[in-house]
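Below is one structure, written out as structure tokens, with a few remarks after it.
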Amino acid sequence: MRADVQRFSLKDPSDVSGLREAIDKGVIDPANIVAIIGKTHGNGLVNDYTRGYLTLCLSQLIGARMGVAAETVRKRVPFVFSGGVEGVLSAHYVVFTVDRDTQPAGDGKSLAVGVALTAELSPPDIGRKRQIDATAEGVRQAMANAGIQNPDDVHFVQVKGPAFTLEDIVAAGTSTCATDNPGKLMGFGRAASALGVAKALGEIPANQATENAVLRNFQAYSSVASVSAGVEVRVNEIIVVGLSPAWSGPLTIAHRRMQDALDIGSVTALARDLGLSPEPQVPAAQARRIRAAFVKCEAQRDGTIRGRPHTMLNDGDIDQQRHIRGAVGAIVAAVLNDTALFVSGGAEHQGPDGGGLIAIIAEQA
Amino acid sequence: MRADVQRFSLKDPSDVSGLREAIDKGVIDPANIVAIIGKTHGNGLVNDYTRGYLTLCLSQLIGARMGVAAETVRKRVPFVFSGGVEGVLSAHYVVFTVDRDTQPAGDGKSLAVGVALTAELSPPDIGRKRQIDATAEGVRQAMANAGIQNPDDVHFVQVKGPAFTLEDIVAAGTSTCATDNPGKLMGFGRAASALGVAKALGEIPANQATENAVLRNFQAYSSVASVSAGVEVRVNEIIVVGLSPAWSGPLTIAHRRMQDALDIGSVTALARDLGLSPEPQVPAAQARRIRAAFVKCEAQRDGTIRGRPHTMLNDGDIDQQRHIRGAVGAIVAAVLNDTALFVSGGAEHQGPDGGGLIAIIAEQA
Amino acid sequence: MRADVQRFSLKDPSDVSGLREAIDKGVIDPANIVAIIGKTHGNGLVNDYTRGYLTLCLSQLIGARMGVAAETVRKRVPFVFSGGVEGVLSAHYVVFTVDRDTQPAGDGKSLAVGVALTAELSPPDIGRKRQIDATAEGVRQAMANAGIQNPDDVHFVQVKGPAFTLEDIVAAGTSTCATDNPGKLMGFGRAASALGVAKALGEIPANQATENAVLRNFQAYSSVASVSAGVEVRVNEIIVVGLSPAWSGPLTIAHRRMQDALDIGSVTALARDLGLSPEPQVPAAQARRIRAAFVKCEAQRDGTIRGRPHTMLNDGDIDQQRHIRGAVGAIVAAVLNDTALFVSGGAEHQGPDGGGLIAIIAEQA
Amino acid sequence: MRADVQRFSLKDPSDVSGLREAIDKGVIDPANIVAIIGKTHGNGLVNDYTRGYLTLCLSQLIGARMGVAAETVRKRVPFVFSGGVEGVLSAHYVVFTVDRDTQPAGDGKSLAVGVALTAELSPPDIGRKRQIDATAEGVRQAMANAGIQNPDDVHFVQVKGPAFTLEDIVAAGTSTCATDNPGKLMGFGRAASALGVAKALGEIPANQATENAVLRNFQAYSSVASVSAGVEVRVNEIIVVGLSPAWSGPLTIAHRRMQDALDIGSVTALARDLGLSPEPQVPAAQARRIRAAFVKCEAQRDGTIRGRPHTMLNDGDIDQQRHIRGAVGAIVAAVLNDTALFVSGGAEHQGPDGGGLIAIIAEQA
């Protein structure tokens, strides 16, 4: 098997011209698409409809080219979009394809991708044991699909889970849900899903991956989980990306934890892990080897960064997630010389408290 | 003469506890204060009242300690506050003091500071020849006050000019003003003032420092000008900071242009100019030598950064200045290991188009 | 001919369940749909993609039910969506259908609808003579299509014209456009289109419907024009709604100017024109007769309302259009006992300066 | 005793020119000022510093004119400012004075005012029994100070309680507080204070004024309580306004509940209670009799208004309080022909769930 990863610019949330051209030129076989991850133009919060808009347009394109219904595509392929391209960031989407007919060359590990979907989750499931366990089980399935045995070979697990509007929450019964605040429920969902990933990969003991730990024990975290939530899905979609000797091809992946929002050292270290030269910025010629980068980050909960106060959690005008994405996204963009980054806020249990993580897919040096 | 520069954290816009303590302990003689520059908690746009609030509180403190009216202090000392501490940035203010009794040690140049104020400017003056010329004349006066003869020894010129609300503009007659849009008039003012600085320092030929060039010829710019605007002043306040053999003390200053928002290389180069080690981040122990850093930046006017689109100029929810401050501020903070940075948007004619500039005051290595 | 107007709630911008059900139950023949007007969930500014999202979903639904491509539907049917349901407002869309086989009963005038599209407009056309004249010609065509001879029988003219992102403007050449500010160019387009309507209906002398009057002579205005702009169209789409003896059916329409944002008297007067009892609020049973209401409004340009200052034009956090829609929308909603109102900001030359207009389609008493 | 109420326009949060002129002309004796209530220009959320700014400026003015320290004034006089003048609203402040030497004329009741302050409240007290009981006790004291025996004669109770930033909450220990979300803690504080008022006035049985009812039992509410929170106070400041035969003067007060955001009928009914003619708008000549109006409102918790969905609780760009203030403020302004209204969001237990209340002070007819 051989995985490929291609990134396309997004002029507006309905702009699928990049993938269309790639399909029409024969560069991408739509039947090989296993997942699409991207950043869209919205605010990344509950009332962000750009994620659903792009999902619709891409699934219709793929369906049309394959001669199947868009719904069929959406049931098979996870579309994971995070809204919010603050500051220097640039809207884009990354298409993962798998060619099952290619044999491994036998000379080491290559990029491997596996996908799984959980059953439907309803508002009362969010942030609860059911979401933790369903996610853990999904990660194990996706690893199996990717032919990855060793959890250490997993470098990135993207989960996209459901978000619910107030109307949904009211319909489900507010008292049955972890919270009646739509934005906060998104946080519960990200947290429980991340703990599910950590549990599946053995990053934390199983007895820490509990409902009690959700949004409480921030020392329990995954270093490879990246979780988003959106109103356009009703299941947890899980994409496991790692390395496997059963796969061939020129691509690789690596990841690092980020200790806090200023941890530029982890970004440069990761770049060097991949044979890039970030001194202080990856040269443009090298930067072309980067196929995709995924970052999770969050505003430090105690209101400070390295001892100085920040204002992100007190701001009534700009949401904390928009602040932190713009900040951490800019740091990573400056090092990688690349602004088409998947930077997502809300890093509950995804990397160290107040920090997050970064994973990069690149052509091998 | 000897200049000192001290930076204080700002818990809220009325928090003058840092300076109060420094005065009360004898660390700062209020009579020696010549300028205060800082970042406050507001949005940095027309309806940001945190700048005026801090100005009032600081001028009252200084007035009380000196036994003079706060108004008297405000007429003598420029208070230059820029609102907006997006992302990782931290609100603070920097107090410049000058001790006129200290003799230079004779072994090189030290930090030198000079201040001047223009006459009052009314809405129709903004963005016009009168503002350009008044600023240029003010820069020459401030250089003289600082004992700086060579324009190459000027590393930072902070100008704070007036902003006007719609009510002011209507009262002045909208047709007499460069624009009737309060936010846009702030841009005209920053532009004309920057051209005035460039003219005074010989950075551009005098025939380029014209009304016609304002917001049109962006190749005409100053590499040391940093201009803000706020409703709380009615004159252009000008602070020239540079190096002079007539001054003594352990502080120095250096500056660099930033070519665009991702120009991390200029930040690290400047850090090295000052003997710091930004590989990739100035270590905490070294970072303590930094006394203040000033950054100007802007969203690139053509809607792209290094060929990829950004959304800052199309965003109806978050102003472009808030976006770009958060992004460039984070890059500089990550390199300097310091979040109490003066990062100001609206860099019209302040550094290259789409870029900006950075100046750092630090203890000599 | 017989016009019908049906209104459907919009849960999210892809929610076309209301129209789908109406078609599937035979209540609406999709071939009879001539226009759809609605309010979506976005911010109503340049980066509002909810308008295009709903346009896509509705045109696909109609196309699927008619067996034609969605593009074909979009070329024939104007989809006019304004983003922004601030405050009490509720997202919805109004479907206009025309049954050409019904003969008039001969006992008076009934609701009449006509549609026309201009040629494509490019960024340099916006706010210019070409847009004024093309709109005027389009209004005449749409009146002819509606069988309305007398301009006094025209009660509402909805125009949806193109908006352009910064990227479009740069591609067209910024110096060739009325402004390089995307949001401001939307205003130019609304203004020129409104003057085109006023010219066609004889509301102003032809010599006032000039490029010079655009955003300058606010005494030149139309009392029935409602103009929106969005990135998802490239022509001016024109919908004329009025009364004609050539049409039958139970629906009627009336309109009133609003002198300023507090002109509740015009709202109650219009309600009484239609036989409703707004003392102070139309009773729920009566309110069911309302099929649609269209409101244009704007923040008064001099920064005051009835002598007291407002803050809408100085606010860097919330756009003036979002403020005024929320305010005027609430006043109209409180009188009509109905929150599913089309309330649109940016009323340049649409009603008196600082005011706007309101039109209501209702079942005859 | 005789109470007077005067309202002054606020150009910016430091604009105390109105009161200064009134004092300097002898219209207001600063020693008679017992409370000031107003609306300032900020967002009305945690990071709104305009409230503190105006408090500082007014207290310094009063202190200077009385020859006492501003701190002394602030300890004696409640300054209750709510940020946010969305839509048509206009920033202003209302000065309550009491002349203790005037004897009642004996011919009925006149406006009566009484003030009380609780002890300091810390973050763990907010939303808890301690805040409920301290507020109830304060209301009883303020009634006594106002010479009001009958709770039915109390028409408006303004409470201003403390808000805390994240830093404060962290310092107090997040686990000891009702919530670690600064904005949400403001809601807890408003809720507990409102229940305290309801308890003191006998509007609800004492056994409903419990910690358990806070933000849970919304059928327990006060019809006269208006509660704000801000970082600039540390106690609950309580102002009771009502009618008493022990007072003289031409002013009166009345109030009404508002059932929901569209309840314009209660506004017109209240206007008629005061002898005004709101058909549909109080004429300008009559409107001059209005001295102050106070409104509380909130976005309906179930996401609908009269059966149609609203978006206020799902909006990541504009806070729900800004939405609802703009909407309900506009309705009241349109009826009263007056935009200088104190409209405050966050009506937890202040009026019916989803609704609120309105009180008007006016010259007797």
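For clarity, chains are labelled A, B, C and D in written order, and residue numbers in each chain start from 1.
In this text, contacts are C-beta pairs under 8 Å (C-beta built on N, C-alpha and C of every residue); 3 or more make two chains touch, one makes a residue touch a chain.
Since we're looking at a predicted model, the values are computed, not measured.
A.B. asks: Relative to chain B, which chain's C-alpha centre is the most remote?
C.D. replies: The chain lying farthest from chain B is C.
A.B. asks: Applying the document's contact definition, name the chain pair with more C-beta pairs in contact, A-C or A-D.
C.D. replies: A-D
A.B. asks: Just the number, please: Cα centre separation of chain A and chain C in whole Å.
C.D. replies: 40
A.B. asks: Nearest whole angstrom, what separates the Cα centre of chain B from the Cα centre of chain C?
C.D. replies: Going by mean C-alpha positions, chain B sits 46 Å from chain C.
A.B. asks: So what's the Cα centroid distance for chain A and chain D, whole Å?
C.D. replies: Once rounded, the distance between the two centres reads 46 Å.
A.B. asks: Can you list the residues of chain B that touch 2 or more other chains?
C.D. replies: In chain B, the residues touching two or more other chains are 11, 41, 43, 47, 165, 167, 309, 311, 317.
A.B. asks: Which residues of chain C touch chain D once you look at their complex with the stated criterion?
C.D. replies: Contact set of chain C toward chain D: 9, 11, 41, 43, 85-91, 261-262, 264-265, 267-268, 278-281, 284, 305-306, 308-312, 317-318, 322-324, 326-331, 333-335, 337, 339-340.
A.B. asks: Can you name the residues of chain C that touch chain B in the complex?
C.D. replies: Chain C reaches chain B through residues 43-48, 165-167, 170, 180, 182-183, 301-304, 309, 311, 313-317, 319.
A.B. asks: Could you pull out which chain B residues touch chain D in their complex?
C.D. replies: Those residues of chain B that touch chain D are 11-14, 41-42, 47, 49-50, 52-53, 56-57, 165, 167, 231, 317.
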